[in-house]
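So, here's a batch of structures to check.
You will see two complexes here that share subunit A, one where it goes with subunit B and one where it goes with subunit C.
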Partner chain A sequence: MNMNMTTTSAETTHGIRYLWHFVVRIGKVTIGGFTQDPNIRAGSIMVGILLIVGLLAPLISPHNPYQQDLMQSLNPPSWKHPFGTDLYGRDVFSRVIYGAWIAIKICVIGVGIAFVAGNIAGALAGYYGGWIDTIIMRIVDSIMAFPFLVLVIAIMAIFGPGLGNLYFAIAVVSWCQYARIARSKYISEKEADYVMAAKSVGFPDKRIIFGHVMPNAIAPTVVYASLDCALVILLAASLSFIGVGAQPPVPEWGAQIAEGRQLLQVAWWVATFPALGIMYTVIGCSILGDGLRDRLVS
Partner chain B sequence: MSLEKYALKRFVEIIPVLLIVLFIVFLMLHLIPGDPAKNILGIMATPERLEQLRDTLGLNEPIYKQFYRFIGRLMIGDLGRSIRYMAPVTMLIFARLKVTLALVFLAGILCVIFSLPISLYAAKKHGKFSDYSIGISSLFVFSMPEFWTGLLFLNIFALKLGWLPTGGWGTGLLDNLYHLILPSLILGLFLTALVTRTLRSDMLEVLQKEYIRLARTYGFSDIKIYTKYALKNALLPTITVIGLNLGWLLGSSVVIETVFSLPGIGAMLLDAVIVRDYPLIQGISLIFALAIMLNNYVVDIIYGFIDPRVYRT
Partner chain C sequence: MNAKTKRDPEPAVIVNDLKKHYSVRTGFLDKIFFGNQKFVKAVDGLSLDIVKRKTFGLVGESGCGKSTLGRCILRLEPVTQGDITIFGQDVGSLEEKELRSFRKKVQMIFQNPYSTLPPHKTIGKMLKEVVDYHEVADKHKAKEYSIFLLEQVGLDGKFFDSRPKALSGGQRQRAAIARALSTDPKLVVLDEPVTALDISIQAQILNLLLRLQEEKGLTYLFITHDLSVVRHVSDVIGVMYLGKMVELMPAKALGKESLHPYTKSLISSSPILSSFYKSNSIELTGELPSAIDSPPGCKFHTRCPYSFERCQKEEPQPIAVDQGHSVACFLCE
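Entry: the complex of A and B
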């Protein structure tokens, strides 16, 4: 029992140490690329600003994003309200800033769960092959047979609208792509000499998969995660716009555009600034993903 | 292996996926937290009505029997009855399918018309300023959510300028096409932005082929080389890439149909979600999934037909 415990913790520390090396490598690539690769430079600056704005939303935003003031309804942009006010007199600037926080949550929770689940499923399928591979990949194929948006809408219809279910729905659908990417990487990696060496030493599968192969196989999924954030932001905005995602008064960008939809002719600022927020985030994530792909994968 | 055998083998491979797809669609009714009947009818429903609905949905039987019945009914094209419209789901879908098909088809054609010359041009100017600016502008178009572009175009071309209708569906073929111009243009633009990047590298490959170099050494004009030699060989990768993005296109059609109030099955899906018409949601999701599976299958077979190496090895 005691022996068992120590080996498990040794494996865990090994896995963590290897993964830590990988995190350091990504950090080095990003910092190294910062001076050499214009894509990484532009992308990480854009994403960095988004992170700062989103995480410090309560400090930066001048007004409470939920605070209604019907006397100030539909004010055009001014010094007091840089992005104007909406129909209920809420400050659009503050709402856009809180929208960044929601976008970060969607990416971290939705894409984060999909990333972890997809990597584990892909690792099992690719490393073991056989019936495990068949089962996992048939499930992946089936989920990917549905249009992404349609399946997410169906899941939201089952469990009801709202941000919490949106994270869940996104994760349920988007882990498949990670599993596919990870699987193909594991299939090629498992023939490598270092895996043979680890096997002949008698390391358990768990340690080989998570400690040895994963740090070598995780890069393409990291790159995809950055691009996926862009897709997921667009998807979440679409869902909130058509009314099955985040519900008003939550300051999600898509929901804000839906609120400003009828006002576009009289108060362009209500919908335009949230749309610019979406565009900024999507461009930032895509550029960063492109830059990381050039340096990490090839 | 012959092409027929290859087609059969691919078909056999699809069957388990189809079964899981059917099971996912089946689960859409059964994963509803709590009592599905209560969820559909609301808290105010009388016990008799609840019991009646449970009976029509077959919720009183054991689950494996329900799945078995679900498959059995599908075999004869019965997807159940819509709770809201009180009509067979199959009938409702087929009445509206043509709108969505026309929209997606037009968007696909527009995408070929846009993306083929654009990506060829980008590949030709590889590494130069125009290549770079094409990349930037496609990223820019991609970053705008399609509903936002839809709203912008609607406000500019329909409300301000009055050139095009604000939405809805016309009577007669020409009127319908007139109503489809804006929605299909937006979908086509987005699809173009999505596929241009992939296509550009395909085009680079085409332009480096030997027959292009040969044409160059003959001293043919650039226009002749591109229109006569490169374009023809670039068409197949273009159509393949668009086919691969069909899922994205169908998903976006839901949003675009809502913005332009087109009476397609995408907009109907959203209506069904709002009134909790689960049989209709199941039916439409299944139709979308079947369309994508059929598309992937056909693309595979066409590829095998054109390039027999796909199945000979």
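Entry: the complex of A and C
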């Protein structure tokens, strides 16, 4: 089969344009579904609140999340500190709000890289088949053969703990699912008559894959991405909890739970509120994902 | 075939002894115990000429290789053996750059208008994309040109902003025709262009195709299984059976003068034609044999009521019986 890998800028912008069109379409579906679909309504409100809180964290939070005040150590919830204070006297409310911003970053960067890489790999594997398919899918299989957490811990151990490497580690392990989903969709879509018609008109492969097939094949991976956000936040929290993810004093939710774990009997608020934050985000993403699935994949 | 020896001065398409075999995936044990790789012989040694500005009607049952032939002509599939020459160009040896201008000259219209239009694009965008890609019109005139194309196939310009979902079957097929004509082609392969449409729409689309052929001087390869349709639009008719051409005749000869038993059986299966040519029709029984293990000798002998011993051993070669009329059957010797 003719690969036609010569990049012309026209084709590249074409692909980007269609990706953008698709983003617009998801936006329209979300807004259109807002009035009709209770899942989309609830999910987008929950995720929307999270986004607003996360983006406006410096404005909303009453205290500096890093500001220590040992005199105020382990104060219970009060009007001054709605969620109480931790061992070092930092305001838990502000730290939870800043944690939302970190959760958003993890979702956008980690899931974003995995989404793009997985879609491209799946598209090539599904559309071309043959040896390209074999190579890509065997890589996917070998990554997925590892237990998810063990692989991420191994990567983090190699590159060192920290938020920057956390995004990377998450992307490395989670692109596989996107590749699998995209591949199966491309395999069924490439047999469609409109693809044959595009070929007979003479469009190069690149334009057919990104301009014609992708808009019709991307929906399942978008739905998976919204569900994956929940998984990734949990994963990041677990990693931070065991100490290979975000490092103190970064107000990452998992790290905060780890800090509050020993204090659970004397100061329940230190670990509970970050945990509620995780729960809220995971539920919101899952509900939105369910709603999008009903409307996008049908 | 007869047409091959007495070539028309300017054939648009020359297909010479074309073979297209697909390898069948056999199981691991099959390979060990039986060794041989099996092939589906979709097209198995077929030759034809299409005269410029004429319509060649290709008829046959489902699965006889008609559509495969169409795809090979457009080079959507690589050919196993044989060569195809279109307007003096050898299709198999086209380079990347030549292929682009070749695609411009040769277009295809597909059977199912419900699936051939990209579902996520408006009709206008679909046309503009083709127009821009092949640089048929200036960029800023692409929209005007697209609307002109729509009007040419009898669609209102307001469909420019519609998605395929909003169009009926006939309108979709018109849009597909507009797309095929947007590059100003010389040859159009019509793969069952009206099969998926209502009878009343079929006539409209056929008349549109005929009008466009006259206006633009198009050459058509009309692939169908519907004999009454093919007789209406074609100049020459080829009847295919299991990857081979069994009869080649002028369109007027279809019916009374058809000689091959398979052609006769096709006539008898068409309600309209069989009532006209009752004497020249035979009932056909049984299924089309598998193209993997196609029968030896004449491929039709398993279902032919006139078959005799020789049919099972030898393969009949096409014999000229009349001007532009040849039959591959021992009965006609």
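Methods note: the second predicted complex is superposed on the first by the 286 of 298 C-alpha atoms of A that agree within 3 Å, B and C clash if a C-alpha of one lies under 4 Å from a C-alpha of the other, contacts with A are read in each partner's own complex, and residues count from 1 in each chain.
The criterion applied here is as follows: contacts are C-beta pairs under 8 Å (C-beta built on N, C-alpha and C of every residue); 3 or more make two chains touch, one makes a residue touch a chain.
The model shown is predicted, which means the values in this text are computed figures rather than measured ones.
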{"item": "Joint occupancy of subunit A by subunit B and subunit C, clash or fit", "value": "fit"}
{"item": "First, second, both or neither for A:241, with subunit B first and subunit C second", "value": "first"}
{"item": "Subunit A residues touched by each partner, larger count belonging to subunit B or subunit C", "value": "B"}
{"item": "Which of subunit B and subunit C A:170 touches, first, second, both or neither", "value": "neither"}
{"item": "Touched partner set for A:283, first subunit B, second subunit C, both or neither", "value": "first"}
{"item": "Which of subunit B and subunit C A:265 touches, first, second, both or neither", "value": "first"}
{"item": "Partner chain(s) touched by A:215 [first = subunit B, second = subunit C, both, neither]", "value": "second"}
{"item": "First, second, both or neither for A:199, with subunit B first and subunit C second", "value": "second"}
{"item": "Partner chain(s) touched by A:29 [first = subunit B, second = subunit C, both, neither]", "value": "neither"}
{"item": "Shortest span in Å between Cα atoms of subunit B and of subunit C, once chain A is used as the common reference", "value": "8"}
{"item": "Shared subunit A surface residues [contacts with subunit B and with subunit C]", "value": "none"}
{"item": "Contact set on subunit C toward subunit A in their complex", "value": "74, 76, 96, 99-100, 102-104, 107-108, 110-112, 115-120, 129-130, 133-134, 176, 179, 183"}
{"item": "Touching residues on subunit A, where the partner in the complex is subunit C", "value": "2, 4, 192-194, 196-203, 207, 211-212, 215-216"}
{"item": "Subunit B-facing residues of subunit A, complex", "value": "138-139, 141-151, 153-154, 156-159, 230, 234, 237-238, 241-244, 254, 257, 261, 264-265, 271, 275, 278-280, 282-283, 286-287"}
{"item": "Of subunit B, residues touching subunit A in the complex", "value": "16-17, 20-21, 24, 28, 31-33, 139-140, 142-148, 151, 155, 159, 247-248, 250-252, 254-255, 258, 269-270, 272-274, 276, 278, 281, 284-285, 288-289, 292-293, 296"}
